[in-house]
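In the two complexes that follow, chain A is the common piece, with chain B as its partner first and chain C second.
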Partner chain A sequence: MASIEFRGVVKVYDKKNLVIDDLNLLIEDGSFTVLVGPSGCGKTTALRIIAGLEEVTKGSVLIGDEDVTKKEPGDRDVAMVFQNYAIYPHMTVKENIEFGLVNAKVPKAEREVVVAAVLKQVGLERHVDEKPSKLSGGQRQRVALARAISKKPRVFLMDEPLSNLDAKLRNQMRRELVELHNKLKTTFVFVTHDQIEAMTMGDCIVIMCDGRIRQKGAPQRVYNDPDNVFVARFIGDPGMNVYPMEGGGFFGFRPRKVGFAGSGDNGAGVDASGDDGPADNASGDDAVSWPGRVAAKEILGSEVLYCVKTKLGDVMLKTSSAGRGMDDLATVSVPRKNLVFFDQNEDRVRDENEIRRLAGGRLGA
Partner chain B sequence: MNNHKFALARRGLEMLGLMALACVFVFPFFWIVSTSFKTLMETARYPPSLLPENFNPINYAAAFASNNFPRAGLNSLFIVLAILVLQMAVILPASYALAFKKSRLEKPLFALILIGLMVPDQVTFLPVYLLFSKLKLINTYVPLIVPFAASAFGIFMVTQSFRQIPKDVIEAAKLDKSSSLKTIWKILLPSIRPTIICFALFSCITHWNDYFWPFAMTNQESLRTLPMAVAKLSSVDSVKQWHVIMAGNTMLILPLLLVYLPCSKWIKRAFAYNGVK
Partner chain C sequence: MRFFRSHAALLFLLPALAGILIFIIYPIAYSFHISFFDWDMISGKKTFVGFGRYEHLLGDPKFIQVIVNTVVYMFSMVAVTVALALFLAAWLNKSSLVHNLAQTAIFTPHIVSTISVVLLWMWVMNPDIGLLNYVMEKMGVDRLLALFGIKKMMWLESRTTALFSFIVIGVWKTLGYNTLVLLAGMQSIPGQIYEGAALDKASSLRKFYKITVPLLSPSLFFLLIVNVTSSFQTFESVNVISKGGPLNSTNMMVHWIYQTGFEFYRISDSSVGSVLLLLIIGLATYSNFRLLSNKVHYQ
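Let's look at the complex of A and B:
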């Protein structure tokens, strides 16, 4: 178990492509940290730097209190699970797991015990002597997981390990990984481009874009209190509605925090991650509204996702009632307290006075 | 229904064509073996007989007893195996570097190797001969083996199959504390077994059959290889002993066939290899 620290890490590929720009990040001991961001944001590179598969151009990496910047991958006491499983195709399940243990000179008797234990843990006891080609995608990923667990590393690294699995299995593996983390209490670093994965699994989320960290925090925190427009739009399904304001700057609101004016469902039902409960009737003085027309409707089961065309642009709206149909005229309405504001640089504005100044009737209403 | 008949007829024609083609390839071998059992008289008869009247295995004894035949066979075997071992020792690390180590030199080096693939022996043998003669190594095994240690063809083939192995697998091995050599030996080699077997066959066949190079590099009886011993069968007497020559040829071909036949499926696989994705 160990913390991980990036100190001023810069990574440049081929002397011209800046992938990671001055990364300073502390990943806490025992945390389940998720690096999330769109492709090309540097999250995988950051992970590979921890593993030692990628050298840093500048800066240093610490695991525990030890500077591992120059250490070989095999000497860093980390284990990694890859997107494409990366199990050895010609070896049986057992041999796959044993390979690293043999290299680490673990005695045979101990190896047997470890292999049996990890296979039990991932539920593959009956496949000990099978070749990977006989296994399903989910089983292969379990082999990779078992191989990682068997090494009892200080740090688990996972590079989009679930993205090759089908949706059902992915959900299941998600839960299993969280359980595994609770059991092992080791530091997990998980890379994904899927914000749902990030939100559901991590206890700390690091949102990256263009080689920089845009926000770091607990899932609740980054959802409710985004630091900038990028995070607001990236986190949430769909992300926050964000629009420019006439005098510069931006404002936005979650699809859950907006409702149809004059109907029962106003300004959002209970928000799954809601800090402030359902809004009051949103058509009062404390709300802003925009007339529009329903352009798309997606039934999600218990909820309905609408896309309403207004003069602001497309407004995404998530509600529990399916009352509106396509092309219906509808006025969307948001309680003022549910609005969040950003300045010209797309950074969050939290100061009350500054918000009042920004919000003075320039919301395009 | 008509369509079905048409397809059947077409398939039949295809089979006929393929069988005819197969005969074209198989017949020379059949002729060699058939002639090797005839008597001298029978080989000269016109029209020729397809099968020998009596089987005369004595021809084999005659071929075997002539021209240091056993020694030549051992020479061939030794040279072929020595070349193969050296080739593997060079090809595997070279291909590993070309396929997995990022370097600015990688592309030019690979291109250079490809160019090497296009230069025939006949172009290089003279400078190579002069080199070895200056080193006083002519009439040893060295010039028969060492020039083939680095096979451009082999490096090309193995590099290409290494490149098909997911990079993740090698990285996983690195995290498993595996050294480069161990990764090659334990992870990569088993993954490209079809390619290795295929290349080994090509190499063995080429050097087993090679006549030109040993002929150019040696002039001592004790160093001669099997193809030269067989060739010499035809120049001993004024009358061509076809039956003995063909017995020699059969003995030359047989080991190759015995090795090749069980391995032929690997050759097919080598050109259609895909790892576990």
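Let's look at the complex of A and C:
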């Protein structure tokens, strides 16, 4: 168990391709931290830097209190699960797990015990002597996991380990990984570009873009209280509706925090479970509304996702009633308290006075 | 219609099958046939002698020496070229100017015709005007040899070193091809496997023996079969350099078969040699498969 710290880490590929720019990040001991961001933002690179598979151009990396910047991967006491598992195709399941233990000079008797224990843990006892080519994708994934667990590392690194699995298995593995983390209490660093995966698994989410951290925090926190436009749009399914304001700056609202005004819908579309309470569909002083037309409708099971074209642009709206049809005229309405504001630099504005100054009648309503 | 459908395949295969039948199966069968006769090419008289010629030849020390030469040559060639190619490929498995140049240099002998290679080496190994002795003299190796009572290395012209010299030439010629095949194999091993091994704390040596070699086993096995077969069939170099001499020390099966059949007109003996060579190669290939194929890892 150990914390991980990036101190002013810079990574430049081929002398010109700046991938990570001055990264400062503390990953707490025993946390399940998820690095999430769009493709190519440097998540894998950051993970590989922790593992020692990639050298830093500048800065240092600490695991525990120890500076490991110059250490070999094998000496860092970390285990990694690769996206394509990278298990040894010519070795049996058992040999795959044993390989690292033999290298670490673990005596044979102890090896047997460890192998049996981890195989039981991941439910692969019946496949001890099989070659990976005989296993399914999910089972191979477990072999990779078992290999990582067997080393009892201070840190678990995982690079999109679930992306090759089908939706059902992915859900199952998500739960199993969270359980595993609860049991082992080791530091987990998990990379994904899937924000749902990030939200459901992590107890701390680090949102990256273009090699920089845009926000770090608990899932609920980054969802409800985004620091900037990027995070607001990236987190959530779909992300926040964000629009520019006339005099500069931006405002936005979550698809669940907006409803249809008037009609028998009765504001049912507005998130009833949200912490801010349901939005009122009345178009009084405390709400802003925009007339528009339903442009798309997607049934998601218990909920419906509408896309409404207004003069703001497309407004995404999530509600539990499927009352509106395509091309229906509809007015969308958001309670003022559900609006969030950003300045010209797309950074969040939280100061009340500042918000009043920014918002004063310039929402395009 | 049914008939046509199931036999259409045969129809398409016919040209190829006919070729195999006429140029491979028939000559083999005919060689077997001749090997049981004593066939005098001058009078044209053919008498059935059963295994008579086999007995005669296998009792002839000169023929036994030919077999021994061939087997020694084959074993040395395979062991040296495959092992050397493996280490060369491991070294060349990087991309830089030096490595690419070295790759080209090593591969070039493979595309040069055997005759040119042989002529080149005949000059290199010439005791008086050859490059090899000249270099050895400049480096003072000849004085070292003098301590052992060797005045001058005769290379291809001495009974003791001729076969060895053949092996040197053969290695030089095949090394490039073997290296290239292994290099291609190495480059198809995913890099992440090595990264996993690095995290597993594996030393370079262990990575090489536990990961590279096993994952390369299909290529290694392929080279083994190909090199065994081609070494058994060495002909051009023997024919051009030595005609089997000095004192039969470099005579090998294929050359012996050619000599016996087409220079000495002992066509029956020549057929016996062909049949024996076929059996030896068959046996070697079969044992390779039996002993090794279950150790080969196919992806």
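Please note the rule applied: the second predicted complex is superposed on the first by the 352 of 365 C-alpha atoms of A that agree within 3 Å, B and C clash if a C-alpha of one lies under 4 Å from a C-alpha of the other, contacts with A are read in each partner's own complex, and residues count from 1 in each chain.
As a working rule, a contact is a pair of C-beta atoms (placed from the backbone, for glycine too) under 8 Å apart; a residue touches a chain by one contact, two chains touch by 3 or more.
On a predicted model such as this, the values are computed, not experimentally measured, just so you know.
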Clash or fit, chain B versus chain C on superposed chain A: clash
First (chain B), second (chain C), both or neither touched by A:133: both
Partner chain in contact with A:208 - chain B first, chain C second, else both or neither: neither
Partner chain(s) touched by A:87 [first = chain B, second = chain C, both, neither]: both
Which superposed partner A:79 touches (first chain B, second chain C, both, neither): both
Partner chain in contact with A:53 - chain B first, chain C second, else both or neither: both
First, second, both or neither for A:100, with chain B first and chain C second: both
Overlap of the chain B and chain C footprints on chain A, listed as residue numbers: 51-53, 72-75, 78-80, 82, 84, 86-90, 99-100, 103-104, 133, 147
Complex interface listing, chain A residues touching chain C: 51-53, 72-75, 78-80, 82, 84, 86-90, 99-100, 103-104, 133, 147, 151
Complex interface listing, chain C residues touching chain A: 190, 192-193, 195-203, 206, 210-211, 214-215, 217, 297, 299
Complex interface listing, chain B residues touching chain A: 166, 168-169, 171-178, 182, 186-187, 190-191, 193, 275-277
Partner chain B, residues of chain A touching it in the complex: 51-53, 72-75, 78-80, 82-91, 99-100, 103-104, 132-133, 140, 144, 147
